[in-house]
Amino acid sequence: MSHKPRLAVFKFASCDGCQLQLLSCEDELLSLAESVEIVHFIEASSHVEAGPYDIALVEGSITTAHDRQRIQVVREQSQTLVTIGACATAGGIQALKNWGDRADYVRSVYAQPEYIQTLATSTAIADHVRVDFELRGCPINRFQLLEVLQALVAGRKPRTPTHSVCLDCKRRGTVCIAIARDAACLGPITQAGCGAICPDFQRGCYGCFGPSAQPNCDSLADWYVQDRTTHVQLVPLLRNFNADAEAFKATGDRIDPHSEPGTV
Amino acid sequence: MRPATASAPLEVSNDPWRTWGVTVKRLVDEAPNIFTIELAFNDPRVASEYRFEPGQFNMLYVPGVGESAISIAGQTSAKTLQHSIRAVGSVTRAIQRGGVGMQLGLRGPFGTSWPVATPSAPAAVHDLIIAAGGIGLAPLKAMIASVVHNRTQFDRVSVLIGARTPADLLYHLEYDQWRQAAIDVQLTVDRPDDGWTGQVGVVTLLLERLTLPHPTATRVFTCGPEVMMRYVAKSAESRGIPSQNIWVTLERHMNCAIGLCGHCQLGPEFICKDGPVLGFDRVRRWLSVYDL
Amino acid sequence: MLAASYANHRNRILMLRKFAKAELNRLLAHLRSLGFTVLGPKLEDEAIVYGQVDSLADLPRGYSDSQQPGKYRVSQAEHQFYFEFNLGPHSWKQFLFPPRVSLSTAQLDATGWTFETPHQPAPKLAFLGVRACELAAIAVQDRVFLHGPYVDPIYQARREAVLIIAVNCTVAAATCFCTSMLTGPKCQAGFDLALTELDDCFVAEVGSQRGAEILEAITTESATPPEIEQAKVREQGAVEQIQKSMDTTNIRNVLLDNLEHPHWDTVAERCLSCTNCTMVCPTCFCSSVSEVADLSGEHVQRIRQWDSCFNLDFSYTASGTVRNDRRSRFRQWLTHKLASWHDQFDSSGCVGCGRCITWCPVGIDLTEEVAALREPPISNRRLPVIEPPPTICHLPRSPVDPHAAISAEETQ
């Protein structure tokens, strides 16, 4: 890229928290602005430029027919498409609807359900278009976001680890709460990136960065169910912000006798 | 016990993490996606102390991107170091983009070298078979140069080179010089183009047709994909060359290059310091185990 | 006097002194006055970990722990001992081979890059409460970082600055097996002082000139024969509590001859590849260097962090990932630790501390895995890959992929 790369940020079904991480890069934002040109970022500025874009950051999942069309346009307009956050990479918390009855939900939430046009499922962007890089997290870690942008500008592979949260706990010296307190911690099967914050505050990891590389969710789930928790408690833990991530979904469905995922 | 020898780090520093500044003086495209760079040390003091043995490698460093282990292909008359690189990862692509004038960091040399006879350590006159696949010729090139230089130490010397296509043959401008030193240079490719008049097929084909008057006094040095090297070794053994006369060079993830990071292990071997040049009899057992 | 006597009698090594427990406070104060930061066991986050210890009050007096595969509990006990507990999740490795350390820097200015290795001066640390298996672990890491062809300057500086006050174990956890690995529970070497805690005093064995010197700063007496006897009884107590064992007979060959044993698949079904065993292991030394740059890219640090052979990208090469499943990664860890370590460093990589057993989230016990690997395989599911010989081929090609066989794309 000889010119400054043109960066665009797009939102689909999401809470905006991941985009906010970009705005939270206060100290680095000026430096960032020197290396990329932010031309489409509605959260930050009403000035938007038309594509094509060099880098598109896509937040949110696909939950409507309209968005299913729109993501195709974003893809066509974008040289490099990076999905950010659990919604964009695994359908987000709203993917819980994949296990429910859409009509039922709509009726119980909205006074006039006939105005609601929604798909039966919430799905990751990669289920619809080719994605060049997925940045995990609920929300994403802004330092990882900066790393991804730096890497893209420099034309190298981003350094975002795929190892478990456990490695980060150990590097920072946190006592394992799964062993010392019997917490049903998802750290051993969850990808690092958060800095292992929750276990350091004696709270079990709830998997917001999604499955680590080649996770053994079945083994951990079986051990926890046998030792410290129940299916009833464990299934919602796996079906959380990354409910639709394949590894979490498979184990959640396996140990949940009532599981009937919605049709995709 | 270990014929291949590891050399000590530069005397100007005992710190294996010490990185030297080098500058890319020349960049030549060798083959599709493969290029050769020539590096000069920024500090003449380091340049005068730097020594390597053929087969060893350097860690080339692009600040902010990382290090990559690259074998030393040779040294020019101007004392620049040659490295042939395939642009496959972040570091190698960054070097390719950077081109002439780019400044890099360098740690090295590391690892073992080809156990060829040298004037300081002459061996009984013997025959050499050097078998390379693709960019596998790079770690062998400096050794071939030293053989040319000490040609009388050896009897028959054959260099067998295989590549995917004629365009993938490295260093083709040097073949004539090798041949002038009475080295038998043979080429084979997988996919010939219209102008190709040479052999077609795998490199072991060339080995199997060689005349071997003294198999037990013949050494085989090979570098290429592991599967190729195993075939070469097998073929050499079937021709009566003892396995302890066969040497391979291996590739694993090298992070520290000094045997302290654990990445490059193959069974008991640290490829960075016990290798990359290893006796085939020493590693054949480990090479036969899938994803060891 | 003590120091002179130690110097005169070093062949005997064994010099047993005793001192009242309160004297340990004075010893700690003395170490501080010499510029040492004393690190020792502390109760934190429901575990006994290592941190700064300024006085006896910081020690987990009256606490005990219970351990089993995948479980650790610490609780108040009936006793008033300071060291009546077993190893927690931390090891001393974190201070000698820190989890994150800067190796070098690169700075860009108008003239180009400047590379430097500004290693931080090593902190002057005193380790208090080092157990026998941990002394063995430090000795193992010494072999790795100091006694090979390359010396790690960071480890070396830290190691040379350390003073070690060991403590003999008087209890053992259900996960301890130092007796199998011949590393404990009695401290044999590698310490400046080794203490055995009795009801009302410590019996101290002097292990170095420096140990003798620091002992001179406090009031000590010769240990009496009954005290020496009592110390032996207490130490024997730990031996008798050890339940776990590992058969190390010919273990190197047993493991390396069974690389295709079907049990590797069985354990891979349980293993999470989460890295916990390697992180708590006091001898595991794997690391990776990563680049940390500011946004301008002109100020770069190379950071070495603990890494693990259980990580997928640990064996990544341009040609692909070498160990691409949990089976091969668990096999790498266990065979390295117990078998190929012997080839590399003339010792086992395991000291029998049992941390990998306790701190495995699914309770995998390497002693049981070794026992299972000693059983003859029922069937060899995976046989070594033996390719058919390459056909001498002019076109058309042989069934062997000549593409793969001929080009050395990845070998640089």
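As written, the chains take the letters A, B and C, and residue 1 is the first residue of each chain.
Throughout what follows, contacts are C-beta pairs under 8 Å (C-beta built on N, C-alpha and C of every residue); 3 or more make two chains touch, one makes a residue touch a chain.
Predicted, not measured: the structure shown is a model, and the values here were computed from it.
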item: Chain pair showing more contacts of the two, A-C and B-C; value: B-C
item: Chain closest to the assembly centre - both centres taken as Cα means; value: C
item: CA centroid of chain A to CA centroid of chain B, Å; value: 44
item: Rounded Å distance, chain B centre to chain C centre (Cα mean); value: 36
item: Where chain C touches two or more other chains at once, by residue number; value: 290-291, 293, 297, 307, 325
item: Where chain B touches two or more other chains, by residue; value: 64-65, 89
item: Chain A, residues touching no fewer than two other chains; value: 154
item: Chain A to chain B touching residues, read off their complex; value: 151, 154-157
item: Residues on chain C engaged by chain B in the complex (per definition of touch); value: 103-104, 106, 108, 112-115, 117, 119, 144-145, 148-153, 256, 259-260, 285-291, 293, 297, 300, 302, 307, 309, 314-319, 322-325, 328, 331-332, 335-336, 339-340, 343-344, 382, 384-387, 389-390, 392-395, 400, 402-412
item: Chain A contact footprint on chain C (complex, rising order); value: 44-47, 49, 70-74, 88-90, 94, 99-100, 269-276, 279-280, 290-291, 293-297, 305-308, 311-313, 325-326, 358-359, 361-363
item: Chain A to chain C touching residues, read off their complex; value: 28, 31-32, 34-35, 146, 150, 154, 159, 161-164, 166-167, 170-176, 178-182, 185, 187-189, 202, 212-216, 219-220, 223, 227
item: Parts of chain B lying in touch with chain A, wherever the complex brings them together; value: 64-65, 89-90, 93-94, 97
